[in-house]
Amino acid sequence: MADGRQKIKVGVLGATGTVGQRFIVLLSQHPWFVIHKLGASPRSAGKPYARAVNWKQAVPIPSAATDIVVHPCQPEHFADCPVVFSGLDADVAGDIEFAFRAAELAVFSNAKNFRRDPNVPLIVPLVNPNHLSIVPQQQRLCSLRKGFIVTNANCSTTTIVVPLTALEKAFGPIESVLVTTMQAISGAGYPGVASLDIMDNVVPYIGGEEEKIEWETLKILGGVQASDDGADGKTLAFDMHARHPLRVSAQCNRVPVIDGHTECVSVRFARRPPPSPQQVREALAAYTPDAQTLGCPSAPRRCIVVHEEPDRPQPRLDRYFQDGAGVSVGRVRQCQVLDIKFVALANNVSIGAATSSIINAEYAVLKGIVALPQQA
Amino acid sequence: MADGRQKIKVGVLGATGTVGQRFIVLLSQHPWFVIHKLGASPRSAGKPYARAVNWKQAVPIPSAATDIVVHPCQPEHFADCPVVFSGLDADVAGDIEFAFRAAELAVFSNAKNFRRDPNVPLIVPLVNPNHLSIVPQQQRLCSLRKGFIVTNANCSTTTIVVPLTALEKAFGPIESVLVTTMQAISGAGYPGVASLDIMDNVVPYIGGEEEKIEWETLKILGGVQASDDGADGKTLAFDMHARHPLRVSAQCNRVPVIDGHTECVSVRFARRPPPSPQQVREALAAYTPDAQTLGCPSAPRRCIVVHEEPDRPQPRLDRYFQDGAGVSVGRVRQCQVLDIKFVALANNVSIGAATSSIINAEYAVLKGIVALPQQA
Amino acid sequence: MADGRQKIKVGVLGATGTVGQRFIVLLSQHPWFVIHKLGASPRSAGKPYARAVNWKQAVPIPSAATDIVVHPCQPEHFADCPVVFSGLDADVAGDIEFAFRAAELAVFSNAKNFRRDPNVPLIVPLVNPNHLSIVPQQQRLCSLRKGFIVTNANCSTTTIVVPLTALEKAFGPIESVLVTTMQAISGAGYPGVASLDIMDNVVPYIGGEEEKIEWETLKILGGVQASDDGADGKTLAFDMHARHPLRVSAQCNRVPVIDGHTECVSVRFARRPPPSPQQVREALAAYTPDAQTLGCPSAPRRCIVVHEEPDRPQPRLDRYFQDGAGVSVGRVRQCQVLDIKFVALANNVSIGAATSSIINAEYAVLKGIVALPQQA
Amino acid sequence: MADGRQKIKVGVLGATGTVGQRFIVLLSQHPWFVIHKLGASPRSAGKPYARAVNWKQAVPIPSAATDIVVHPCQPEHFADCPVVFSGLDADVAGDIEFAFRAAELAVFSNAKNFRRDPNVPLIVPLVNPNHLSIVPQQQRLCSLRKGFIVTNANCSTTTIVVPLTALEKAFGPIESVLVTTMQAISGAGYPGVASLDIMDNVVPYIGGEEEKIEWETLKILGGVQASDDGADGKTLAFDMHARHPLRVSAQCNRVPVIDGHTECVSVRFARRPPPSPQQVREALAAYTPDAQTLGCPSAPRRCIVVHEEPDRPQPRLDRYFQDGAGVSVGRVRQCQVLDIKFVALANNVSIGAATSSIINAEYAVLKGIVALPQQA
């Protein structure tokens, strides 16, 4: 680590998949973490990573991963990893992550399976890393000392909750959000979207995606509250915005873009009169998340860039902003129906997936939530 | 014509451009109209059409046009055309169409130049062909007997006003419309959008387009009203929805699709409670425009198709519905912020452009507004 | 049929697949054939076609097929179909087509399984329908009266053998052919090529495709010869160009094009001096295949169009030439290494697949090879 | 520079264009060169670069260039730049580069204008930097002390001459080359290719490109020879492969790929028998150009990567190999018509354009051909 201590050994589950490959690329250059164990399906187990994977990234396989022999996704192989990242597909993530937690491992998951669990935090690291405060309760309920699961949000949710949080922080509660997404094909994994379905086309539907945006946004923007639920004391629970009725309406579209989700957002504030477009621009540009001030190495140095050019953000030009860890916003202006409209763009495979898991882990390390081995 | 009379000679201005080529294709198969004169820039004038044009359609140049010698866009060359279609670019359309009208020619224009003129009707033929009623006033003001200009709407406006009209007819006034478009590159003409700007990309801005949707929708959905404006009688004027404050908020995006605009729409009705999604579906499917009942040959036999599949409409699969003259709607469901949301799709080069001009002319012929030559 | 007789009942195997859908579209408008039975996997069996299929064509499902109940691909369900078309995938086509032939059914197959069988003709209908002459020998060897299998070629082979045949007919044997293809994604079926593999990309490899071009071309361009193979008489066999060493070298690429294979071809003729580019152009334009003169209704009226413009053929502009049944050639010029080079384009889903099967069947009907039921 | 000396001031002509932007990105990180002066059209002159340019790169404008005020392309503004790079368009490059050379400036040009001049070297830095030896003769003929012009090749030529040189070095003269290219849209500059021309399409023609490949390859692969041309001594001249008739036949296609030219190559060697595919693979992988051994900082550490996977190289996966400075080769195998065929890929905007100019300048600096200012 920065202070000269040993690097933290990490494992990656689902290492041969699309998100897994992204984890490998990012972790191979990480200042604190070192790739130690890789997990994939039994078909891949036993092979060196370079032979097990159908590599699809524009950069070559990092040498740090090439020769690591892939294990099946069983906790015993990962016992010496204080941090385990999961890029597993939803159809297997539930059982495997459950088993890893039960084996006292700390799992940072990109899968959707535990996102709705009231004792599992759903964290967009540029928004609500403070939700890690629920982890001790999760451990207590599961009778665990070190194991836990932390999830990060769906990529299309991430794109909007970052600017929405900046706006709530500056102007108070948002009442309504209407969002229309134009999402990249990489969001569907590999092989994912058939070329015959998307070339010269738009598909105005992504199964389950609208529900995710509409639901996850509430959990992420809500706070963790102590609630009195019976005889012996308090329980923490997520406040799903019960007090002001934030309503989110989403229309999700798949478009022929490789990486980068573009989302058109209209919002109505509770506060009357609402802020002006210029005030909104300033609040977005000024937003500085805790992950940044706390010093998470993968957090963007600048969280939101606000474009003045009328034709930005664009996925091809803006998805690499801050190595894909930041959010680009443009076209901030009045909405004739709600208050303010704008266009937000985030890199779905970076801040929308692996990068978020990694910053979450960095934050948890800095907060002492991850149990690290004693150092000599 | 259908009753055995002679075909009506028509001219096409801007015949070598993108919209002009579309006019040529459609008119070459028309039951009433026959291509008689073609107009283009001085550079093309004097050449046979096949040599003047840089043909970009998937079908070959119709033989009906191949050998017609192109004229400059001057009224004297079109004097024997009872109907003149204009596919001119906006930078020249204003002066030329003005001169053609002054020369007692009937101009059906796809250009934007006269759309805002209060005495020029802006007609989406599946919506408001009754606005032709303003033509006599236009002629009176210009001291003309036969000449007039009729415009059709911008392609992205057309896509939404058809379903909005169906809804207003069934459920009364709509209060608010929030629309996010994903527009095809062909809407920008040729050469239009640079490939470096749109491949693997979305451009969240189309100059002037949002204003067009927001303004044109009001003129089209508004009625023509007699208003008492002074001493000697009444004047007709468009009612720009003064009585109920229809608010339209548009976000326009260019996407890598060749033909077909996909638009995500949320609406709020004045009526409380609003109609249910199922009622909306039925009203859309039942909508039958006058152009259809009156027997315009280019009107779609079915105006709106309502898809039940969750992933439709899609431009590549649905843009040829009714030869591009109909509108496809899908994903009708409740909106958590306004009342109802849905996705609409129309073929921007057909009903969104040339097809509309042609149906407008058919309607005008049937209504006796076009002055036809006496037949023996 | 044309002469007022009853239409011929046909079956389609693999009716829900990509090629099967294409068969349905073409056959629904056919002047002689009527869709009578549809076969698909057990999963689809028992359902009406419209519910069994995941329809991907730009035109709606033809009403002639909508309500036909799908059968499993067993011969007993197709006993009353004098013609059966097969759009089956290669992994099941072998067994099923074998069983259909054994049940005395006439199978016209787009699958590759029997293409190399020396007693099964491999026919590109614009090239070698005369190879149907081997059918009686196939029947004799299988002890069949009516059953047989006729195959058509791979789409990328079809594109080049049409112009090559025109050239051999005019100028005698071709010695060498070097071809580089740029093939459409629809050639890989559905879901086929993953969008992540082909957007903004070229894949310089299509498994097995180069071997098909190199081998099929020889069988198609070769003649059927009587050879004396022993005591009791002659056997027919395909002459695989034994006498002059036609060498074919292919490099196959997948490109981001939906329909239409573009192929860059260089040829060397045996004849010295070789023909000039202008002679080649004239020979290509003049080529009239037997299928055309014999009156097959699906044969193109014009077989090869030769473009003079330097930038043609292009898949998007030329793939619908002759409803996709013709071949477009352009850029005919001298090759600095071999003799002549040119670019050829054919619609892989039309003449490259279903259209070829259908013309083959038409030709077989006209030649009396298909056993038709007695008519009253 | 590496040894602690001052950086070399460089100018960039055509700084706002596509190639110019690429120069800016590369030079902003260069270990020896520092961007000192920028030249563009009079329309841009006088503005800070960030306001003059329509920036189209995925990385932000380098801060080293943001505030530099753009000058018109006149030599007096660049007098203190020992090296001037030209990314000018061909329609203006001729006159401007001529004037710069006449003003004793060293011009490294990506434009085509002087490529055919027998006294101007045409250099692909991984192939023939030794052709710089003709520079003194160029200066003598122009009566110059320091000024000269060095050009680099067209991007599609560069892709093949690197592997061809590796092969000639290992196996002696190549007799014939047949190449079919699939070229990226960025090769045409901005706005360049219209999206309507290339989406879902292939254009089998690029004006002048085939001639460039066929001609440039000869000049680059040829040597510089002393020839006795009269009374008083020798003159250097390029040997255009007079001794063995290298014949190059090219078919150039534009495909919907953003960056990276993929080229399918077949070659015939003079030597009989020709090398085997395995020998060819080894020779390609072993090739080490002088620019590398000499220590040019922008030269790739590995010049040619030879892929073993059957489906590589692919532009989207391989165009960033060695930061775009290397060449990827795959599918090396026997050709049934010539000897060996393979697929080569190079990044047209990097090694195919700006990177080549920069390595050429590095090489010229190392060889003492560029006149540097005296250092204290």
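Note that the chains take the letters A, B, C and D in the order they are written out, and that residue 1 is the start of every chain.
The criterion applied here is as follows: a residue touches a chain if its C-beta (ideal position, glycine included) is under 8 Å from a C-beta of that chain, and two chains touch if they have at least 3 such contacts.
Owing to the predicted nature of the structure, the values given are computational and were not obtained by experimental measurement.
J.: The A-B interface: which of A-D, C-D or B-D repeats it, judged by over half of the contact pairs being the same residue numbers?
T.: Interface equivalent to A-B: C-D.
J.: With chain centres defined as mean CA positions, report which chain is farthest from chain D.
T.: The most remote chain is B.
J.: Give the chain pair, either C-D or B-C, that is connected by more C-beta contacts.
T.: Answer to which pair has more contacts is C-D.
J.: Based only on mean CA positions, could you tell me how far chain A sits from chain C in angstrom?
T.: Chain A and chain C have C-alpha centres separated by 50 Å.
J.: Could you grab the centroid distance between chain C and chain D? Build each centroid from C-alpha atoms only and quote it in angstrom.
T.: 44
J.: Chain D: which residues touch two or more other chains?
T.: 56, 199-200, 256, 258, 316-317 - these are the residues of chain D that touch more than one other chain.
J.: For the complex, which residues does chain D have touching chain C?
T.: Counting only chain D, the residues touching chain C are 176-178, 180, 182, 199-205, 207, 214, 247-249, 251, 253, 255-258, 262, 264, 266, 268, 310-317, 330-331, 335-338, 341, 343.
J.: Per the contact definition, I'd like the list of chain A residues that touch chain D in the complex.
T.: For chain A paired with chain D, touching residues are 56-60, 199-200, 258, 316-317, 319-321.
J.: For the complex, which residues does chain C have touching chain A?
T.: Interface residues on chain C, with respect to chain A: 56, 185-186, 190-200, 256, 258.
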